[in-house]
Amino acid sequence: MNIDMNVMQGFMEKVQQMGQMDVPSKLSDVERVDTARRVKLEKMDAQLAVDLDACVHCGLCAEACHFYLSTKDPKYTPIRKLDLMKRLYRRERSSNRWLYRLYTKDITIEDLQEWEELVYDSCTVCQRCSLICPMGIHIASGVAIMRSAMRAADLMPVEVRLVGQEQGEQGTLFGLGSEQFVQAIEELRKTGLEIPLDEPEADILVLSSVMDVMLFRDTLVSTIKIMNHVGARWTFSSQGYESANFGYMTGDEAWQCAASKRVYDAALACGAKTVIVAECGHSYPALRWDGAELLGKPLPFDVLAPSEFLGREIQAGRLKVKPIGKQKKLTFHDACKHARVGGVVEGPRIVMDALGVDFRETEFHGIENLCCGGGAGNFLINRGMPLRQKAFELKMEQFDATGADAVVVSCDSCMMNFMGGAMMHQYEKPFESLVALVGENLATQR
Amino acid sequence: MFVQFVEGPLWYFSATVFVIGVAVRLLFALRMGTATPLSKPRGSASQGAIRAVFSRFVPRREFRPRMRLEVIAGYAFHLGLFALLFFAAPHIEFYKDYIFGFAWPAMPRWAFIVVSEIAFAGLLVLWLRRMLHPVSRKLSDAGDHIGSILVFMVMLTGCLALDQSHESLRVLHFFLAELLLIYFPFSSLMHTFTFVFSRGYLGASFARHGVKA
Amino acid sequence: MMASLKITRHIVRQYGILLLPVLLLFTSASMAAVSEQTGGSAVPNPGTDLWRAVREGPTPNVGTSQVQSVGSTTLIAESGEKWRTLRRQYMIPWGGWLLAGMLGLIVVFHLVRKAPERFDESSEQWIQRFPGYDRILHWFMAGTFIFLALTGLVLLLGRFLLLPVFGPEAFGAIASACKEGHNLFGPLFMLALVLFLLRFASRNWFTRGDLSWFARGGGMFSGKHPSAGFFNAGEKLLFWSLAFAGAVLCVSGLILLFPQFGQSRELMQTLMLLHALAALGIVAFTFGHIYLATIGVPGSLNAMNTGRVDADWARAHHDRWHRECEEQGLIEKQQS
């Protein structure tokens, strides 16, 4: 992956600075606890209730969690992240609350402060714990509620909050707004690329992301080339171009909704029947699965992940690639938000097959994949760096065991996290974007 | 005196607490409801729910090496307990006299012994693991241990009364079983029933996303 | 949970030794009971002469019977009386004295010895000694062993110790319960023993250094620890005693549990005595094991509780193992 190291450095410095930009919350401690309690009780539903009633405290979920596996610290046990939720459920909603209240402690500000690290830094909401749980407990959905409550109580890592707030309230992301996006498109047009922007009518609305615009330009260029190659009637939108949805990471519904709304409006404006998000893991479930729920109505368009789209086009014969050959040994990292959360597993395999490379699966792949350690906005949290590095060690083992020359990734957060990890560990294996790989190997004739 | 109490009022009381307690706890949880999803499903939620209820009886292949002991001990205990509960001759007699009014074939005495050995071994290993594994040690609360001890004591007194020559041993077993029935709806022993729902919900939401959980 | 563990540990450490005299009293009480009950009746039985004649008749005193089973034609099995005498007059009092003596020895030793050295619980360095499986296996065996020992002792001593206290009605129930429980848990112990042997035998072979360990009494009196590997010679002796006694207990127990395979009454009687003998021996040994693993050598219990031991403890008690761990980089730094 070719990236401008100066931009990368600049980006990392910016994230580091954000760590020192915290403004004290306007809420008092009592208000914070009340707010957190209120949000949790509002969002508690039957699924969470039976989950909390079904748990036998066996702790097997720890065996699925990359943060427990890499540290062996029992405090990272996934189900423990819902402890406050369990206490609240027992005290307020369970049929046995008259009894439980006698000996179940209410949640305090200290509890919430302790749990901040547990639901943000040490959980990427990757859902792997739900695969091992004998009771079938959906721990991640409980963590999502915890995040919403913590966000409402102003108890969350400042970096993630600031980014979410910027996007939710100003509509820019890391300073990238509509203007800057159009400017980037103009720049690319100068290189001779044909780029439809704000077309009044299109079948496909293609989204980009701040990462692709600023850092992973190759991916952006490849996206354009591929869209032109398949001959689709497609367009970018200067109003709805951003895939990333940091509201989704923070747990703030208003912010999340605002970001989704921009895409929704842009799609409606051009009458697109399909929206393709960028190679940005969480943006897929944020729009594909949460979009309709938050906007309160079914989406009038399909949402596709890039790998899903590539697989579909290859199978339909519209996308032709030059075979690379078996001398190239590649492995693929499934982003948790695509595979386990999103249900996108086949797409990347179809692409690998079409490229004719020596494709090697990691030990855990598809919906069983180990998370990169930086998902759900975690790659922004400065203090979480050492923990993410531990989790990255598990990934290195998995990658090395395949004997592949390079790792193909289809998620910017994973990519960022891997690049950071590789820098820290002096890890030599290159990471490549799936879209860029396809873009660089398009057949000259369809 | 104690015997009459255990076989009379306490039996009716504990059975009532058990039935109503379990029903009410489930009802309170389920009536909270879930939102109707609006996104376009990738797969059938109801099929996923049914699938998960059964598929979770077998751990996924990638996790098996990490949970061998737990699976073996878990099955030994749960299947053993199930067989003892429903197919031990004295129990069938009890169900016939006290609850259902009819009987079904019991397992032979040698099978009873073998099954109880297996169930005891499973329960002991699970309980020891709960206390010795740093993760489950940290997670477990008093309720989990009370549940384990009660089940153990009920099983033990049941087996100690195997000779069936001493009324007092049988009554002790009955008494502890009644305590267990009373404790049941307030404890994590509820997983006996809730597991169906938690697995179902998980299977449904994963299947909607096109993931076989 | 951790708090309660700490409290328990504290109580065991501070007051555990007080329990020993209580047990001692308990055991000696049984001795008194034994000597009282062996007196016999003063009123002569009119049938005595007849039955003595039957017993002293042609040897063996064989008759005929429709029943086809071992010993069915024997009217009075004389060996039974010998067995009864052996059990009542020798096995029970001597066994009781053995256990009481062991407890007494431990108490005396604890009182006269120098205070055992303590290791800082907040030490920075730890070594993993027993992984989870080992600990589960150990406590599984310990649990079944203690259950079998208690029920077994009730069956052996209960007639003299518990019967006078509880009365015939209650003791009948207790004894029946203990018999059923003892029979039920026997196979579980057997399973544990086999797994235990498979797991630990390789680390328990005696080596040359073990002799000098014994020669120096394991350092129990001098306070200076002789050199030892993963297991010291005393632990190895316990292991093989357990293996041997356990094998005797299992084999004899099985033969006693299933009398339908044609084994003779004499064999059963002999095995019953052997079973009790092996049990008494290994129970007495276990008293020492429990003492040393808890208050006798502070820090040892961690090995079977959390699985990790203090590195200083390891250096003091198992210096060769400690060195190996050091060489292999297995010493963990405490996470803050």
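In this document, chain identifiers A, B and C correspond to the written order of the chains, with residue numbering beginning at 1 in each.
Following the convention adopted for this analysis, a residue touches a chain if its C-beta (ideal position, glycine included) is under 8 Å from a C-beta of that chain, and two chains touch if they have at least 3 such contacts.
No experiment lies behind these values; they were computed from the predicted model shown.
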Steps needed, at minimum, to get from subunit A to subunit B via touching chains? 1
Nearest chain to the global Cα centroid? B
Where subunit A and subunit B are represented by their mean Cα positions, the distance between them in whole Å: 38
With centres defined as the mean C-alpha position, give me the subunit B-subunit C separation in Å. 34
Subunit A and subunit C, separation of their C-alpha mean positions in angstrom: 59
Multi-chain contact residues (two or more partners), subunit B: 133-134, 137-138, 140
Where on subunit B does subunit A make contact in their complex? 21, 24-35, 37-40, 42-43, 52-53, 56, 59-60, 62-63, 66-67, 70, 74, 130, 133-141, 144, 185-186, 188, 190-191, 194-195, 197-203, 205-206, 209-213
Using the touch definition from the top, list the residues of subunit A that touch subunit B in their complex. 44-47, 49-51, 53-60, 62-64, 68, 72, 74-75, 77, 79-80, 93-96, 99, 130-138, 141, 285, 288-293, 296-299, 302, 339-344, 363-364, 367-368
What does subunit B use to touch subunit C in their complex? 69, 113, 116-117, 120-121, 124-125, 128-129, 132-134, 137-138, 140, 156, 159-163, 165-166, 168-169
Within their complex, subunit C touches subunit B through residues 1, 132-133, 135-136, 139-140, 143-144, 170, 172-173, 176-181, 184-185, 187-188, 191, 305-307
